[in-house]
Amino acid sequence: MSNITFRDDVQVGLVNSMGTDASVVAAARVSTQGIESLSALNEGEAEGKGLINFLAKNRHGTPFEHNSMVFFVSAPIFVFREFHRHRIGWSYNETSGRYKKLEPAFYIPDKERKLQQVGKTGEYEFVAGTDEQYRIMSEGHKEVCISAYENYQRQLNAGIAREVARMTLPVNIYSSMYATCNARSLMAFLGLRTDRSESAYPSKPQREIEMVAELMEEYFAKLFPIVYEAFERNGRVAP
Amino acid sequence: MSNITFRDDVQVGLVNSMGTDASVVAAARVSTQGIESLSALNEGEAEGKGLINFLAKNRHGTPFEHNSMVFFVSAPIFVFREFHRHRIGWSYNETSGRYKKLEPAFYIPDKERKLQQVGKTGEYEFVAGTDEQYRIMSEGHKEVCISAYENYQRQLNAGIAREVARMTLPVNIYSSMYATCNARSLMAFLGLRTDRSESAYPSKPQREIEMVAELMEEYFAKLFPIVYEAFERNGRVAP
Amino acid sequence: MSNITFRDDVQVGLVNSMGTDASVVAAARVSTQGIESLSALNEGEAEGKGLINFLAKNRHGTPFEHNSMVFFVSAPIFVFREFHRHRIGWSYNETSGRYKKLEPAFYIPDKERKLQQVGKTGEYEFVAGTDEQYRIMSEGHKEVCISAYENYQRQLNAGIAREVARMTLPVNIYSSMYATCNARSLMAFLGLRTDRSESAYPSKPQREIEMVAELMEEYFAKLFPIVYEAFERNGRVAP
Amino acid sequence: MSNITFRDDVQVGLVNSMGTDASVVAAARVSTQGIESLSALNEGEAEGKGLINFLAKNRHGTPFEHNSMVFFVSAPIFVFREFHRHRIGWSYNETSGRYKKLEPAFYIPDKERKLQQVGKTGEYEFVAGTDEQYRIMSEGHKEVCISAYENYQRQLNAGIAREVARMTLPVNIYSSMYATCNARSLMAFLGLRTDRSESAYPSKPQREIEMVAELMEEYFAKLFPIVYEAFERNGRVAP
């Protein structure tokens, strides 16, 4: 299986986007200004800063929906399993194991990844694993990936359908998808899928989906800097 | 009330948009091509025509979601009442009668508008009104609008809150909103809110929301010509 | 117009419901117990109290969705206009002015209704109106309702379609609907549509939709007493 | 690994439900009857048959939403992966590999399961596998399951967190969930996840999710016999 790849990363690319901080301001101002709200689209950004913070603080959510971001994500299936539970304001199209032979790329945590879980349900904390734990984890997982992919190949070679042959591929195999959202649905995702001490509602996501979230957050912060600042300032709660 | 305006139109402007026919192709191809699907974004349009038609015909809907259109709509409240029942894939922000004094602009149907409903529930048809009916309708409605708006002004002048003073404004008063959707949710809207003989599932919308739908449809046809052609060819059923 | 009715109330009836506090506990426990979570459905209520509070406090929302409430609501159109902006987890069917002659029942605020708005945008407060304001409001609105409904009748009698004749009926005319939700979507509604000092995110809804919300809240508190207590205890934030 | 279980089934239980055919009729009739529509809830079923068929045929969807079904589903992860792409009108809570040690139960197709895929993309057909293919598939998958679960155990025994140890469990491991929907969202699911010649829009789902769909369909047909008949008669298209 010379071509098997073990990776310890996730990847997120921004494929397309629509809207800016100003589009949030325009949508909010239609309440009080009607059609004159359109002029917000031509303003300098400083104008809307106070309004955006007001909206975020008081959780007036709808003005944050008139924009869009299309991401291309490459991550293991167990991350996508969590991701696809976000139903509202998200659209997905993913590589299909029924229609495409899956590539032999598997996720193995790197040495920074905390391996031990301590505490009780609802209050878990993660701490570093020992070298021995890392070795057991890394070697054990690699061995399973190799034999699972060999089995997959063997079944395909025997003329068995992809959708059957893939049944024992492990959940750390990489998949890829387009994921489209708006600023409001992205903030809901970020609030749940990152672990930050400043959050009003702290969350303990699995580290690997947090890695995806962090990459999305970087794009978000660049595309909508004032919205992002308001999100940060108001406890990272989606409005 | 010298400044009262009676209008017989609706207005739709395209504020912003994201995506093209090619973005539908790219999203669909991720199933079979993974990351190579991104190359669809650089192809000429002819490439994806067959695929888009296949998706529309077989109702594979999700690839039509990775795009966005922001419309600014000016129409009477009774149109918005119907519009806002479209919940999925639509975002709205509308002028507020609580936060803004509403302008005295009212919708009165023009002479082309069919005034008589014939047939029974579920099979209504509309036919032209008589001149007398038009006169009764037009004069009657104008009179109510004028007295309702005078009452509104009087209450505001007496220091009564906007949200109370507006309670007897009629449903033909104009409002305005940002309405954001994607190609899939727009096709669902167009399928229900236009009356076309070629529709697989014919619909009998009220004429005034159809006027809004027709204006949106023009923008849609320009932004996504191949998707639009597939929509037309496959019975105007949202995939 | 002897049969015109002026009302100052809204009405909410519970048509049907499914689920209890125990169904929230069962859904939550499937995470940690799998199929054994079903036994929660037979437990006494005390068992799940801590878990429900934990879910509400940390905003784990999905376990609150596996239940349902069907309400029948009678309220003015301007209330329904706000109501229908709640898109997610809500289903609506409403009386149609296209298919039914609307009844001459109109909302006129009672004397308790605060009529004056003070303060600036985003920080409005309402204070009591004067007797003179109440008289201007009440008499003015009634007069408009009467003449608008007379016009409606006259147009119907002249053979004009209901959907045209109704165009100048005022937004305080009563309508009725079935509105179906779950505990999570109802809590989102209650959080936004009631004005309570103990709310983590205070809201200033129009009084009339708050009247609907308060009636729904009573049913909710009876059907899901432990969930309701957790909602109250955790700042009335929908999980 | 004496306790490993290989299963070839999926399981669906009905945990709770709300509503009947009559509740669809009541919701539809509110358009034309207002509050009198409530009387539909006490009628015999024959009354609403024509109306329900009319709604299904013309795709008036909302009256089918004021009801609810809660299912408990036990199926392999690759089935849940497809299931969770149904976003609208569905609520999910699933066993967590982060919070619970997963049981060693794995799906292996039985001898009836067609193993070979023929035809080209978009027009796949499945045909029976040979005995040799069945042997390769069955033995190969079992071997991977056993070694993957041994690795899982070994990592747990070494103190490695469940969420890391589970990374190479295969997608045929069983999981369980509560899945809640209404008649409309269930019909959308059934239309896409069953393969029936009478469908207006034929679909080619993977057999294993179709097995889940078929079990749900049985419950649905019993709970809402008139709605079900209308669904069947009108091309299995969700209204």
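The first chain written gets the first letter, and so on, giving A, B, C and D; residue counts start at 1 in each chain.
We adopt the following convention: a contact is a pair of C-beta atoms (placed from the backbone, for glycine too) under 8 Å apart; a residue touches a chain by one contact, two chains touch by 3 or more.
Worth saying up front: this structure is predicted, and the values here are computed from it rather than measured.
Enquirer: For the interface formed by A-B, which of the candidate pairs B-C, A-C or C-D is equivalent, sharing more than half of the contact pairs by residue number?
Expert: C-D
Enquirer: Using the stated contact rule, I'd like to know whether A-D or B-D comes out ahead in C-beta pair count.
Expert: A-D is joined by more C-beta pairs in contact.
Enquirer: Starting from the mean Cα coordinates of chain B and chain D, work out the distance between those two points in Å.
Expert: Inter-chain centre distance comes to 34 Å.
Enquirer: Could you state the distance in Å from the CA-based centre of chain C to that of chain D?
Expert: 33
Enquirer: What whole-Å value do you get for the distance between chain A and chain D if each is reduced to the mean of its CA atoms?
Expert: Distance between chain centres: 26 Å.
Enquirer: Considering chain C alone, which of its residues make contact with at least two other chains?
Expert: Those would be 32, 62, 85, 88, 92, 99, 121.
Enquirer: For the complex, give me every residue of chain C touching chain D.
Expert: Per the stated touch rule, the residues are 15-19, 23, 26-28, 30-35, 38, 41, 62-63, 65-68, 70, 72, 74, 91-96, 99-100, 103, 176-178, 180, 182.
Enquirer: Would you tell me which residues of chain D are touching chain B in their complex?
Expert: Of all residues in chain D, those touching chain B are 32, 54, 58-59, 62, 85, 88, 121-122, 201-203.
Enquirer: Considering only the defined contacts, which chain C positions touch chain B in the complex?
Expert: Touching chain B from chain C are residues 76-78, 80-81, 84-85, 87-88, 90, 92, 97-99, 106-107, 109, 113-117, 121, 126, 129, 132-133, 136-137, 140-141, 143-145, 147-148, 151, 154-155, 158-172, 206.
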